[in-house]
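Chain IDs A, B and C follow the sequence of writing; residue 1 opens each chain.
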């Protein structure tokens, strides 16, 4: 086993995983608070990437003509904020229109509504930017660094920095602010929280706001790192991120972060599985990379079957 | 022979007769004279008299003749039934307006815009009509009379009255129709449009129709009588209308019905005669069913008359719509009956398709590595493969369902979604068996002695899918009403209570998955044969969503509902959008301007392109406003609206209302 | 309606719990419980809220499995059986929060209760073989008879959706459903919960009739002391998952520990220990 390759894949995995973690946080927060799998969340991320592209266009930013230094940081920060804000508003609007009327309906209804919203967003994306892969200006200077034989890029550092700051910020907010406390209360027992004077509707809206904002942030750093996006991106990444949320323990923020990184790593390591037609038996046909989606789904299924509460979740209390 | 006095309407029934005869005569005349009824009949006759002079000959001629006879006979008998069944509490005007909206408007739309666009327009107009009607009623403070309030056990005299009303109605309806027809034909004759040779037919018909009307009216009356509440135990329910307890006290059906709540009574009232809304009664539905079956069965013959040229293309399209129906019915078992939200149904469809795809083509030799098999043998294998492929799909249904058994609703959905993604990937990557991304081509059509299955004539595929659909509906209805069907509803309502009542959760759920997958296997095999090929990009999550949309839009758990849902979704998916696009390229059409305006802002816009957008909006809207679907099963309508239900429910202090948070508990049943 | 007669005359217990404990994580829901029910007895399990009574039912019917100890029915262990298998062995139950199938009719609910008494398989159901049709008709007949145990009211309303029934009626339907499986032992979880006095008296009457007329053995959970006095052959008292008393109603009523548990006053023994 080529050790360098392994470490290299780990590095890739961790950086991608950080992005998955940001998206996963949106899933886990929403599920924790209203027990709904927000199918549309991944598509909000996708819309976020398109928003960033549009902002870059407006500012005339391209990979070659981007400024450097502080003005770049400033512009990126602005884009980040715009993306986060618009996605956040989108998330709140979706909740209000498609989920809130169904809050007391049987579980099937909001789930299908979420699928419907996802379809709508995907077509919006398709109409906006077409069906082919859209290139995302990689305006952040790509400088490769080396630690030994293992390489990583300045963009990777940016990804990790942004992701970590946001995750830490979220954790602080949830643990130490009044709103965060209210969010935790509503997630535990909605009625009791309401009886304590918490405005449940507002808290739920805030949850969607934050979750979607994180997706918006993830959109920017994804684009800067990978340089492309597509209207179907939200669906695929959404499922990966959801798997991450489940892996870490649905409803658990740290779990989502951990899960995100793990899924990123698993995906990266999957690429190491050799092509069975080349090795003559061992491995998978066309190599692990072609199967990475299937592998992640298998992970999801295994978790749900054997440990549905995830790595960090508690076994839910039983009540008959 | 009936005497003249027996046929004269009494004063009471005169109004009733006018109400119904006029009401029903108009649509029948439209169909006969405006659309094509007359055309078909005249062609049949000419074909009989001068073989070869018209387009109809041979078996096709006979089919057309049968359809005509069945159609008119059913309509006349239906008239008899309706007059007998009507309680008379509804006003004539209301009825006539309803008839206009539900028969004349669709006829008009379909004649002018074709079946698909016409049906789509109806789907918009009818809800609007309901809405307006409700508002008007509210404004006029009209409340419909409570159902079953005037429930009466009918004695012999009343039954005789009923029957005489029916026969009178049948007779006079047929008579009126014959007279009108006579006049119209005479006009045609004098204008020169009617061949002289057919005059004999006109005379014969004018005499025969009223006679036939009398007997058909009797038939309608008999149907109505079966639905009355009889004094003795010959009720319409199979368990008799008398319930006993051990001590011998008898509780009559009438008593049972009287003690029902309003909503439940309304359901039962649909079955009974006299009926406030006879057009919607189950008795009338029997007649509608005959009409629909006749129409569908003889459609290939009728299509040239109804819609002109292009029959082959339409038939091919409907053949495709057919497998959607089977898929919807299959998924309905899993989602509708058992309540297991399956988002990966496309996986089993893929398995069924590939099963026939591999065996029924040269791929088989690639897999087995042997000498090529004679294509004729392969073709003959289709029939056993229908079953075998379905069984293979069922097997995988059980296998892939097994991990989901302990999962709650949303998690189950995600896992099935995962499988729905994995299976096509597997087919994509396992080149050796599936030929990878290129798919399999050259899949054999079935073979049946004397029938040509080539692409040129879609008729055999049309009848094949009809047969398969008939089988599927039959199986579904039987399953739903069986011990297993009850077990499915039970586990859907409350797993713990079901298990504590003896229902084996594992087996029951696995059976649902297996049964659902079985039918998708059938659809898959048909699809592969008809398309002549299988390819991995036929199957994606988007398809699973479409299948789910069919069930949800049509009515979860309702067999007629999901059939309509499948047709609606197919129509939107494949036909409507394409037609809108072609209309939009026609400069004389108002749609053209609309289209151009939109393209100005959104370059990539075509109607076809926004398919998912439309589906997404439909799904959200349906979930919010009509979650029980277009044609809901009574049970489901209750489920979805139980929370808003009124004073009827007395919820005990310790009960948690179903649907409220906290009702569903999380217990691992070990 | 036939009921298998359990081993009456030997005095062997029908149901026996041997040192059963159930821990949820660190929480002891039930601890070291010994309990036995002889055939045709009416046994009550009482205790304040949270004493673990429903947990005991869930242990017996297989919804939970005991952390230690075992449960034996007519000499055969119930270990590891799922609820539907426990039902097949002959134990049926009702629930504290009535768990009916809300969108099914009264009759359909009882028919589900008869699920294990029917043998129809898929092919038979598909093709309406005479066996299956006959079985269905008989099942319906039996269901009506079961409903008639409670008088004509439920028989009249057999086609009504259960959600439209009154609370007391729903309770009775739940019992009828449990009876559908022709059980040997019937577990009733708080059958008089939420009822006023008149309804409670009615309930007590039919519980007695279940034993007297149908020959059932009954184990019931009851929160109201007074109700159990008039109805039970023996009473077990639980508090915090432990058995604190057992015996005849009169004995239990005067037991200090029982009074203390319900009223929250420390007993003499507690006071001594505190010093």
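The rule we apply is simple: contacts are C-beta pairs under 8 Å (C-beta built on N, C-alpha and C of every residue); 3 or more make two chains touch, one makes a residue touch a chain.
In this text the structure is predicted, and so the values were computed from the model without any measurement.
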Chain whose Cα centroid lies nearest the overall Cα centroid: B
Chain of greatest Cα-centre distance to chain C: A
Centre distance in Å when chain A and chain B are each reduced to the mean of their C-alpha atoms: 43
Euclidean distance of C-alpha centroids - chain A vs chain C, Å: 49
Where chain A touches two or more other chains, by residue: 317-318, 320
Contacts with two or more other chains, residues of chain C listed in rising order: 63-64, 95
Touching two or more other chains - residues of chain B: 496, 639, 667
Residue ranges of chain B in contact with chain A within the complex: 339, 341, 343, 403, 406-407, 409-411, 413-415, 417-419, 421-422, 425-426, 429-432, 496, 541, 545, 548, 552, 556, 602, 604-605, 609-613, 615-620, 623-624, 627, 639-640, 643, 659-661, 664-668
Contact footprint of chain B on chain C as seen in their complex: 1, 61-65, 80, 82-84, 87-88, 92-93, 95-105, 108, 111-113, 115-116, 118, 120, 122, 125-128, 132, 136-137, 140-141, 144-145, 147-149, 152, 155-161, 163-167, 170, 177-178, 180-181, 190, 193-194
Chain C-facing residues of chain B, complex: 238-239, 243-247, 249, 251, 255-257, 259-261, 263-264, 268, 475, 478-479, 482-487, 489-490, 493-494, 496-505, 511, 635-636, 638-639, 642, 645, 648-656, 658, 667, 669-670
Touching residues on chain A, where the partner in the complex is chain B: 35-37, 97-98, 101-102, 104-113, 115-124, 126-128, 130-131, 190-191, 235, 239, 242, 246, 284-286, 290-291, 293-294, 297-298, 300-301, 304-305, 308, 316-320
